[in-house]
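So the structure is just underneath, and the comments pick up after that.
All chains are identified by letter, namely A, B, C and D, in their written order; residue positions are counted from 1 within each chain.
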Amino acid sequence: MRGNTFGKIFRIHTYGESHGQGIGVVVDGCPAGYPLDTGIIQVELDRRRPGQSALTTDRQEADQVQILSGIYEGITTGTPIHLYIPNKDARSGDYNTLNALFRPSHADYTWQQKFGIRDPRGGGRSSARETAARVAAGAVARSILTHEGVDILSWVTQVGPITLHHQPDLVTRSQIDAHLVRCPDPIIAHKMSTYISELKDAGDSTGGVIMTRVTGCPSGWGEPVFDKLHADLGKAILSINACKGFEVGSGFAGTTLRGSEHNDPFVQNESGVRTKTNNSGGIQGGISNGMPIEFKAAFKPVATIRKAQDTIDNEGHNVQFSGTGRHDPCVVPRAVPIVESMTALVLVDHFLRQKSSHR
Amino acid sequence: MRGNTFGKIFRIHTYGESHGQGIGVVVDGCPAGYPLDTGIIQVELDRRRPGQSALTTDRQEADQVQILSGIYEGITTGTPIHLYIPNKDARSGDYNTLNALFRPSHADYTWQQKFGIRDPRGGGRSSARETAARVAAGAVARSILTHEGVDILSWVTQVGPITLHHQPDLVTRSQIDAHLVRCPDPIIAHKMSTYISELKDAGDSTGGVIMTRVTGCPSGWGEPVFDKLHADLGKAILSINACKGFEVGSGFAGTTLRGSEHNDPFVQNESGVRTKTNNSGGIQGGISNGMPIEFKAAFKPVATIRKAQDTIDNEGHNVQFSGTGRHDPCVVPRAVPIVESMTALVLVDHFLRQKSSHR
Amino acid sequence: MRGNTFGKIFRIHTYGESHGQGIGVVVDGCPAGYPLDTGIIQVELDRRRPGQSALTTDRQEADQVQILSGIYEGITTGTPIHLYIPNKDARSGDYNTLNALFRPSHADYTWQQKFGIRDPRGGGRSSARETAARVAAGAVARSILTHEGVDILSWVTQVGPITLHHQPDLVTRSQIDAHLVRCPDPIIAHKMSTYISELKDAGDSTGGVIMTRVTGCPSGWGEPVFDKLHADLGKAILSINACKGFEVGSGFAGTTLRGSEHNDPFVQNESGVRTKTNNSGGIQGGISNGMPIEFKAAFKPVATIRKAQDTIDNEGHNVQFSGTGRHDPCVVPRAVPIVESMTALVLVDHFLRQKSSHR
Amino acid sequence: MRGNTFGKIFRIHTYGESHGQGIGVVVDGCPAGYPLDTGIIQVELDRRRPGQSALTTDRQEADQVQILSGIYEGITTGTPIHLYIPNKDARSGDYNTLNALFRPSHADYTWQQKFGIRDPRGGGRSSARETAARVAAGAVARSILTHEGVDILSWVTQVGPITLHHQPDLVTRSQIDAHLVRCPDPIIAHKMSTYISELKDAGDSTGGVIMTRVTGCPSGWGEPVFDKLHADLGKAILSINACKGFEVGSGFAGTTLRGSEHNDPFVQNESGVRTKTNNSGGIQGGISNGMPIEFKAAFKPVATIRKAQDTIDNEGHNVQFSGTGRHDPCVVPRAVPIVESMTALVLVDHFLRQKSSHR
């Protein structure tokens, strides 16, 4: 009943604290018979891991994943796949004072209220370190989707006030990964990284937006009325640390259009049924329609900053707090593989759910 | 595995098609010992039902709910509560031609692709009529939350290009329900209804935005890491027909702020711990912090319009389609009680989930 | 979290009290594309319904089922199928005194302790009337299994001390239904019904045993390590009112054998892999092996008897109680279709679960 | 959808193969605020582990458990508790030939049929080694139950034809653990161990029966109509390797009694409501009634024996097979802590489920 499981058929169970022994995930429901190796998982973990550059936290974590079960001679066996990532650079000492106060816009206060106890070392399980387990599991999901012809790409379209206006169908993974900020336009990417560096120097932080585009998804995935494909995607993305907004297809901007402008006319061509426009974002009535799935996610500015802020301590006294730990000034570059991973987890689950839909 | 169930402890199971015998919901997991009568449920159904005014569909449905189980002498017994709403004004004849073509931006095509069969009468289960069951179940949830001191208010803040700028803490239910468009400012409400009427006359439709504010929610509700309170709210709201976007607290606008501007400083006052600002929207780390919960939802323009549109028929031939059924030109006024209902369902479930969180 | 749902993919949600408006079930997860009509369901309900003969309760219930959703032109659509059975012969007056005392070996006391309230009319939801909903849903499950070549037969092998020794592979449905006691041997069946009549006259009751045999089940169904096929069958059968024991294959008797006697040697013949013996009861390691699935279920004597018994009232005073309601003196004849139904529900669920097991 | 998760609120997710890196379990839903240390878990693992005596397999496993998350300063934090048990004495070489044939009454054939692939090293995940994870998780469950006043005792009442007739209310844990066969009567225990030794020498095996008695369980636990307490117990116990039967209270023997003999009269005494007899086994209508919970489980003879047996290989040719691995000749002594663990897992889950039952 606690919220550490995600998915219905392809289910993941994550565990672990930021500065405990390690973190990990049990991937249950992965079908037997797919090839899987550690390398595929490690590639995605390396895209997420801290210490990649001046844009990210200084924490150094190799994030070396171990596969402890579920694979025999490189093939999935249908049994649970346990992926374990030991913590190496755990410095609980950095966080000792955090036991005594509630950091503003952090989860310290609410976890204490919920459980009556919290592991204060690095935020315990509320730390973004938890997302490494999502990325590891997401790499398994993505690997299966690749065999089914589905491809997922996410990239940064906004950092603070700097925005990318770009045709989503032209973006490639090599463009995205060419710059550490993970924006596919090199000029905008440079502006974004400059802005992030300035904020880091100022002891401050910023937010941003990530765009996702899925191609190759067949029609028929999604489970109305409650588990609509975009509703499950929305939940998955909103569950990522710092995410405050989600929109699919035309999203908030589409609310100002008229129906005659917004509707996507069907056309039949040689490759099958398509729509002329894609305001639906590839999903109609909660079910994929075979067009690219497109959505955006908003991430708030990182809560931990070096600038002094007002807050209260455990006894309710007014105190000041300045972050001294190792934190990113902007989460969106490292959130890109996390968004892709959660997307993959939703899609592979709906792929499997669809298998029992009809005779 | 199909998506007709919502919730973990307080679980609802909905069924029924737009033009079948009726629709309904089995509410399971409602705790024993709460008073409940049909009147409370009927009030909310009346707020959602069609045929209320010129702004909405002409379909006439009394939407008279029947409680068929789970109540003894006016008190919940802990057994499943079955709420049934017979269909009265079902006119399958209106929809006969729909069997043969796929309406643009409707769920006809995707349901056919998913199941290999669809009930074409009024869209079958993809019809917005399905949401009456959500409202009936939501009224039960809301009734329990009221006993726990939690209050939920939703209202329209945007219709097409017309936007309300208003202090959310000043809005009352009587203001909202004073105008059929459910915008609490009478001048803006009038503009909105005029705009909707114009579009109706033009055979077109529009979208809009709904704001929600929850007061009285204690701290500690929400289940990280995946079932964060705003993630579950996001899924709930995004699962409503025509919803394309969700944002909590500062949302998309918050991405341009700096951390020093966005963080909500904690303060201790006589009534307990509060935050000076509420960019977090009452939720931090996925758990309620005791402040008002605030979020917005975007609804696209209604897909069925009288204007002729291009589409294809079941054999893939190009055809034209003009909507002749009974449809709202804008969903947001009637979506207000639906948004409130889904909010209530999420909150009552987390209220019950929290009961097993600690010793 | 309450226990009114059964199954993972093919899920049923039941509701209703013995003397409320009616009882019913929402069948969710039934695949689209299977023919289904009311007649198939009514046949099974008629086998279970009360008032069939002097062996059963005098309560008269037509148990006319209504299909309220999920079917279009006689074909399943993949949406929830709601089966509703109105209560006709509800005589709450019979039960008024039951509000004030706890009947021995009934659920009155424990339901009161659990929920702090109970619907005393006919035992409320603890009544065996609840099982009509299982039979209705089971008929849908059975219908799908029939299309997949699976056949389920249950029959009575014991009533009180009278036991049938019979080759299970020779039993047919017509033999079973030839006698109201549902024992396929006419001589034993006659002894059993005589015994039941004697007990009824004496104001007493008896228990019995039901055997089940499933043929045509392919290998590969069942989900170790926890949802082993016989574990799910065991739970399903033990959840039927009055069931106190379950054994699969050799069961309790097999514990005295040696491994060399008990093991089932594999043989390959023209029709595939088989085992020479079937002590495993068709299930090995929790997965069906293609042999007939065989298990037995024990039912205790009916708790309600006319003979006076000691018990306590709601205030804890010693009182005497004599049953005056309408009750069966032995449940096993009417439990036969219930056991078959629960078996069908387990098997159809595992049929669907197996669809996502491998590439 | 695979069956590696057990429980609803207190949920365990197990993973691992007999001769992989290790096995383990993620315990989710354990309430915050309970003390927990490794020692409590290790005690139970030591009771289950192989290599304890001549009665059990020769495999030597220290079964040293590691707690990798979920505990802070010795107290549960409400986050997932990961318990990991590395495999030490893994000798895959012993099992190489098993890849090529299907052992009689083992899970080799059915796992191959289910997944199209199997890990043949020691039976992979179908090995009884998997139950170590259950015992580790069960120790956490038991620890919480102890704080709630609930005590669980299991012991051996039958090995092959040798049966214990004993008052269950006189049995103590020290009596049970005094003899490796885990029968509390020293004379019967000696007979049992002699019988097991003889069978081992003869290259054969035997089965047996385990009795369980739970005291201190309050009334009100259990969730009708499907998740009745004894139904969930039955599933839990039947999911243990080699278990073929389950009966609660009077069980199969009770079927021959009359209702007037079988009913348990309620009495009120100074300590509250009790029943004079306990044919119900402490559970009525699927809900605990405050009396001791009593049930029995039947275990078949171990399938792996040294005696030569007929079987088939992967290509369907007739071959002979003699077990050469390290196996117990009788599982029941080591199954005692496993039965207790599964019992604890069911009870702690229903303890938590009951928390949301009424206002």
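Basically, a contact is a pair of C-beta atoms (placed from the backbone, for glycine too) under 8 Å apart; a residue touches a chain by one contact, two chains touch by 3 or more.
Computed from a predicted structure; not experimentally measured.
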| item | value |
| --- | --- |
| Touch-network distance, subunit B to subunit C, counted in steps | 1 |
| Most widely separated chain from subunit B, with each centre as the mean of CA atoms | D |
| Which of A-D and A-B has more C-beta pairs touching across its chains | A-B |
| Centre-of-Cα separation between subunit D and subunit B, whole angstrom | 46 |
| Chain centre separation (subunit A, subunit D; CA means) in Å | 39 |
| Distance between chain centroids, defined by C-alpha means - subunit A, subunit B (Å) | 26 |
| Residue list for subunit D, restricted to those that touch at least two other chains | 1-2, 4-5, 8-9, 14, 29, 32-33, 78, 114-117, 125, 352-353, 356-359 |
| Subunit D contact footprint on subunit B (complex, rising order) | 1, 9, 29, 31-34, 78, 147, 352-353, 355-359 |
| Contacting residues of subunit A [partner subunit D, same complex] | 1-2, 4-5, 8-9, 11, 13-17, 20-24, 26, 28-29, 32-33, 66, 68-70, 72, 75, 77-82, 114-119, 124-125, 352 |
| Complex contacts: residues of subunit C adjacent to subunit D | 1-6, 8-9, 14, 102, 104-107, 109-111, 113-117, 125-126, 130, 158, 160-161, 199, 204-209, 219-228, 230-232, 234-236, 238-239, 241, 244-252, 254-268, 273, 275-276, 279-281, 283-290, 298-305, 307, 309-312, 316-318, 353-354, 356-359 |
